[in-house]
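Shared chain: chain A. Partners: chain B in the first complex, chain C in the second.
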Partner chain A sequence: MQRIGVFVCHCGTNIAGTVDVKAVAEAMKYENGVVFSTDYQYMCSEAGQNIIKDAIKEHKLTGIVVCSCSPRMHEATFRKAAQSVGLNPYMVEIANIREQCSWIHKDMATGTEKAIILARTAVAKVHLNAPLTSGETPVVKRALVIGGGIAGIQTALDIADAGFPVDIVEKLPTIGGKMSQIDKTFPTLDCAACILTPKMVDAAQNENIKIYSYSEVSGVKGFVGNFEVTIKRKARFVDETKCTGCGLCTEKCPQKRVPNEFNLGMDQRRAIYIPFAQAVPKIATIDADYCTMLKTGKCGVCSKVCTAGAIDYTQKDEFITEKYGAIVVATGFNPIKLDKYDEYAYSQSKDVITSLEFERLTNAAGPTAGKLLRPSDGKHPHKIVFVQCVGSRDTRECGKSYCSKICCMYTAKHAMLTREKYPDTEVYVFYIDVRTPGKNFDEFYRRAVEEYGVHYIKGMVGKVIPEGDKLIVRASDLISNEQLTIDADLVVLAAAIEPDKTARPLATMLTASMDTNDFFTEAHPKLRPVESPTAGIFLSGACQGPKDIPETVAQASAAAAKVIGLLVKDKMKNNACVAHSDENMCNGCSNCAKVCAYNAISYVDKEFRMPDRTTRVRRVAVVNDAVCQGCGACTVTCPSGAMDLKGFSNKQIMAEVDAICK
Partner chain B sequence: MSFSNNLKENVIRSAGVDPKKCMKCGKCTATCPNGNEMEYKPHQFVYMVEKGDIEPLMNTDSIYKCLSCFACVERCPRGVEPAKFIEAVRVAKIRKQGENHLKADMIPDLLDEDLPQQAIVTAFRKYSK
Partner chain C sequence: MQVNEFKPKIVAFCCNWCSYAGADLAGTNRLNYPADVKIIRVPCSCRVNPLFVLRAFQRGADGVIICGCHPGDCHYTTGNYYARRRMTLLFSMLDYLGIEKERTRVEWVSAAEGAKFAATMNDFVATVTKLGENKRLEDLRCKK
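== the complex of A and B ==
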């Protein structure tokens, strides 16, 4: 027989305002097994906890019920208090009389009646509670960062700095991400490559960092502290250990007409290529879709010119498996496709470009060597129209309902730099709202208007009509209340940004949650912004929401701090409330193993003594306590009732139901 | 409830769209092929209906200048559909006048073979009760 104590919390007026707490404490005195019952203003306070501790000692309590807020709030507090005076923490039950009672009722009589029922229910459960101990599993002291953009690089550098090994998996042949394609960064206008490439080199040279370029995550197993990840290393047909990055092959390859994705298809590269001069790792990659040798078996020029003998046409995709304690998602973003926005003539005219294409056109390493020239005829444009919110804040199917956040600032940057470099240009920016919160951001935008004479016009562009070598832009000026027609030479569209397409399948592998826009959701939007609700998964950069570079770097370091906090632990406490199988009842049907989402159930052949003194070997289920998350799917699936959840056994739950129905 | 409030509610109800969804981007006016001919432009219809400022809209010939081409409806990024407000104001005006300006028996004289059927439907919308 248990000796149970009941402690009713007022929570100031939060509970006491709608529940007669004294009546609840009084009613509990008459419950079976209850030897002590009291109430107090704030049970979670030091004084409140002392009441509990003293009562446990004085009345030799074997179990307690705390009638208070949600167990998510203070269950850990009360368990710790009980443990400090020698009571097993799993002998503590919480009756949630705040969120599930006082906050949703207005009437004192109803609230009190319900609180008594909830308290009685918890008492009934405690009668069947048994002391539980949680096991421990070692933490694998290695982290995985998925995505090698500025977010992934920063996270990896910070984790490596703390002394833990980190692997970066990048799907492209080089790390660097979107930032490597950008020309200048706002609001200081320093050159993106100048601040990014040293970090790329740091990552490559750091002995704690291993870069898997041209690779993808293809499978994830395990749980926080003990993930097992399969990485697909795509065949690049070049031996990474031999290639010196001299680039001779990329000059001699006869297949010259491959659209260069690094310059967004605005020029061409060879079938064997190094994306850009500062690529890390600087290793050539053969594009199997265009390589004549791989397609027809005739060519082999690259292997002939390669003095290092690095070309290997027989290379196959390779799968490696590695163990990690923590995983950081840094999959980044892409501009949306504009093929559904016919009104801007993006697919009709080469001179209607996206802002990222504009970056390449102004970048010294870009297709025009940094000269702003029209893609159609290579002429210098004089009238340039920038259109903001293309696809952002657009509730139609083709658009995104959110604000992409970075466009106002990069458009101001583009407009300003254009006016500075080419004072003979006229630059128009059509905007709905200019949003420039951030350190020195609004000053930056005002400089574009005041010092550089960029024409900011409140209104949208309705249509772009290619006519001869001009682009007729029809727009509205809402402040002067008129329609405008501008004969522009170049139109630049600030396309909305969206999460990378690889994020969705990755989230499924990681069982990490996403919102409807495919951005990863954080564990708490304010207080846990860099963690996924799935334990051991962390978020870095634009995969969590639109972000500029300073914010991305800040979040990347924050994610690294969280990872380090996890990796410094030698062991992780397991959940004590795990499933276990009664081997005398288990018939070995495998149904539990099939529903288990965590691969926690396996089977063993075990010898059993029969009533007639013979022995028989039977196949029975065994739960791995370290892997089991206590979800209970197996217990409801088990046809023979052998599977049960510790701390939430079928008997305990039925006792609770009985207590409610009493 | 004042008359103009009542009128506002009627116009919004007959338009079947919500002017509060407008974020004042002006893409409707930018798109409108006849915008410069209109005293009140499509984006003003949305804003003035939202304010309940409907009398001036009923008394402007802008309601007849709208071609009902629905380009603004197509392009509006927020699903506000400005043309529906213009039409709602037009209908309110015609109902108030209490007269049909286009009767079915007038149609045969107006027909010519280049006239799209859509134009007849639109004309009925504009000029009949």
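== the complex of A and C ==
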């Protein structure tokens, strides 16, 4: 018989507001096996934990129930407290009377009644708890960073600096990400390339960092401390070890009509290319979709001019498998496609562009060598209209309900830079709200308005109509309540940002959860912002939500710190709640092994003594504790009921069901 | 005014990784749903043995709902597929035994879908309330 203690937390008024905690504690005194029951303001506080510890010692408790917030919040805290006074941590059960009771019910009677049932259910379960111990497995001291943008680079550099090897997997031929396409950064206006490229070079030269460019993660197995990842190295038809990055091939290739994605299709590149001058690694890549040699077998110019002999038309995709202790997701973002926003005439006129395209137009390495010229006729625009929130804060099907966060600031930057370089240009910005929280952000925006004379107009643009070489912008000014018509030369749309398309399949591989917008969810929105709920998976940058560069870098370093904290450990505690087979009941049918996603179940021949004193050899299942993740799929499959899950056993769950239905 | 006094007993099995977190989020966002729903935390929806569902009905539950991660998002990769298949079979058998299909349900609720969790529970409770008490499988010996 267990000796159970029940501890009811008030959580200030969070619980006590709608649950009569005293009544719950009182009611529990009459439950079978409960020898001690009390309530306290904050059970998770030191004083609260001491109450628990003292009661365990004084009343020789063999199991405790804490009625408090979600076990996802403080289960670990209370387990630790129990362990410190010699009670097995798995003898602790939590009754979730905050998130699943007091916070959802408005009146005391309902809340209290439900809380009592939840507490009683936990008591019923704890009666059947058994002390559990967990084994340990060694941690692979190597990290993987998926995505080589500024987030991935920063995370990798920090981990590498702590002395651990890191691999970066980047799907494009070069690392650098979106930041490499940006011209200047707000609010300091320093040049993005000048602060990014040194980091890219650092990453390339750091002996702890290995960059797999033009590669993708194609499979993930294992668990925290021991991931096994398959990386697909896409064929770039250039031998990475031989290519010197001289770029001769990219000048001589006769296939000149390939849209240049680095400049967002505003100019063209060759079929063999290096994305940009500071690319890391600086290695040429053949675009198989356009290469004449690969398509027709006739050409071979690049291989002729290559003095290093690096061109290899027979290269195939290659798959490599590596082991990692931790994985960081840094897959970043993309601006949304604007085809659903035809009121802005994006597809009809070349002079309606996105902000990222504008960024390339003002960049010295861009298609116009940094001169602000209209894409249609190469003329200098005299009137520019910026439209904010294109697709952001838009609750329609085609839009994104969230705020993309960075657009207000980069639009202010674009407007300011335009006025500075071309003071004869009139600049209009249409906005719903201007949101500038951040260090020196509001000052920056005000400078755009006050010093640079940018016309900020609160209101939405209804329609953009291309007419001759002008763009007629129809909009409403919400403050003066007027309809406006502006004949603009250039319209710039601040497109909403969304997670990269590769994030969703990756989340599935990593079994990391995502929200409805495909941003990765964090383990706790406030307290564990850089960890995914899946142990060993960490989040860095905009894959978790829209972020500007400083925030991305901060989060990247935070993720690195978490990874380092994991990799310094030599061993990881395994999950103690693992499956276990009762060999007396097992008939060796193999059903459990078939449903196990981790190959944790194997079979051994075992000798059994029969009642007549003879022995018989039978095949029985054994679970590898280090590999079992404790999902319980096998327990339900087992036809003889031999398989059970520790911590969530059949009996325990049945007892919970009974207690609820009582 | 006629008040419907009937309060159904609802057992909700929620997987630890998505739906239980979704239920927590519903609480954090103070989204109201009836107190008739009591949640049992299981590691994964595939941990729910059909026997648990039967047991609940036997003990007088009026409805049983199983919540897991969205297909493809199961923390253990494939657990929810097993759950889906097992429960489809079980529910049709229960239907055959006279436990209406509306009393049983499998739903996918992610950790970010607090609102969906609350809405699902509101809807489920309303449906079960309309059906009234479940007497079909109830084992009267269990009643005190």
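Simple rule for what comes next: the second predicted complex is superposed on the first by the 485 of 662 C-alpha atoms of A that agree within 3 Å, B and C clash if a C-alpha of one lies under 4 Å from a C-alpha of the other, contacts with A are read in each partner's own complex, and residues count from 1 in each chain.
The working rule: contacts are C-beta pairs under 8 Å (C-beta built on N, C-alpha and C of every residue); 3 or more make two chains touch, one makes a residue touch a chain.
The structure presented is a predicted model; accordingly, all values stated were derived computationally and were not measured.
S.K.: Should A:466 be classified as contacting the first partner (chain B), the second (chain C), both, or neither?
M.R.: Neither partner.
S.K.: With both complexes superposed on chain A, which partner does A:389 reach: first (chain B), second (chain C), both or neither?
M.R.: In the superposed model, A:389 contacts chain B only, not chain C.
S.K.: Of the two partner chains, chain B (first) and chain C (second), which one does A:529 touch, if any: first, second, both, or neither?
M.R.: Neither partner.
S.K.: Counting residues of chain A touched by each partner, does chain B or chain C come out ahead?
M.R.: Of chain B and chain C, the partner in contact with more residues of chain A is C.
S.K.: Tell me which partner A:281 touches in the superposition: chain B (first), chain C (second), both or neither.
M.R.: A:281: touches no partner chain.
S.K.: After lining up the shared chain so the two structures overlap, which partner does A:577 touch, if you call chain B first and chain C second: first, second, both or neither?
M.R.: Touch partner of A:577: chain C, not chain B.
S.K.: Looking at A:111, would you say it contacts chain B, chain C, both, or neither? Reply first, second, both or neither.
M.R.: After superposition on chain A, A:111 lies in contact with chain C alone.
S.K.: Under the touch definition given earlier, write down the residues of chain B that touch chain A in their complex.
M.R.: Per the stated touch rule, the residues are 21, 23-32, 35-36, 41, 43-44, 71, 75, 77-79.
S.K.: Give every residue of chain A touching chain C within the complex, in rising order.
M.R.: 70-72, 96, 98-101, 103-106, 110-111, 113-114, 117-118, 121, 507-508, 511, 513-516, 521, 533-534, 577, 595, 597, 629-633, 635-637, 645, 648, 650, 653-654, 656-658, 660-662
S.K.: Of all residues in chain C, which touch chain A in the complex?
M.R.: 9, 11, 16-18, 20-21, 23-28, 30-33, 35, 38-44, 46-52, 55-56, 59-61, 69, 72-79, 82, 86, 110-113, 118, 142
S.K.: Please output the residues of chain A touching chain B within their complex, sorted ascending.
M.R.: 343, 389, 393-396, 399, 432-433, 458-463, 474-478, 481-483
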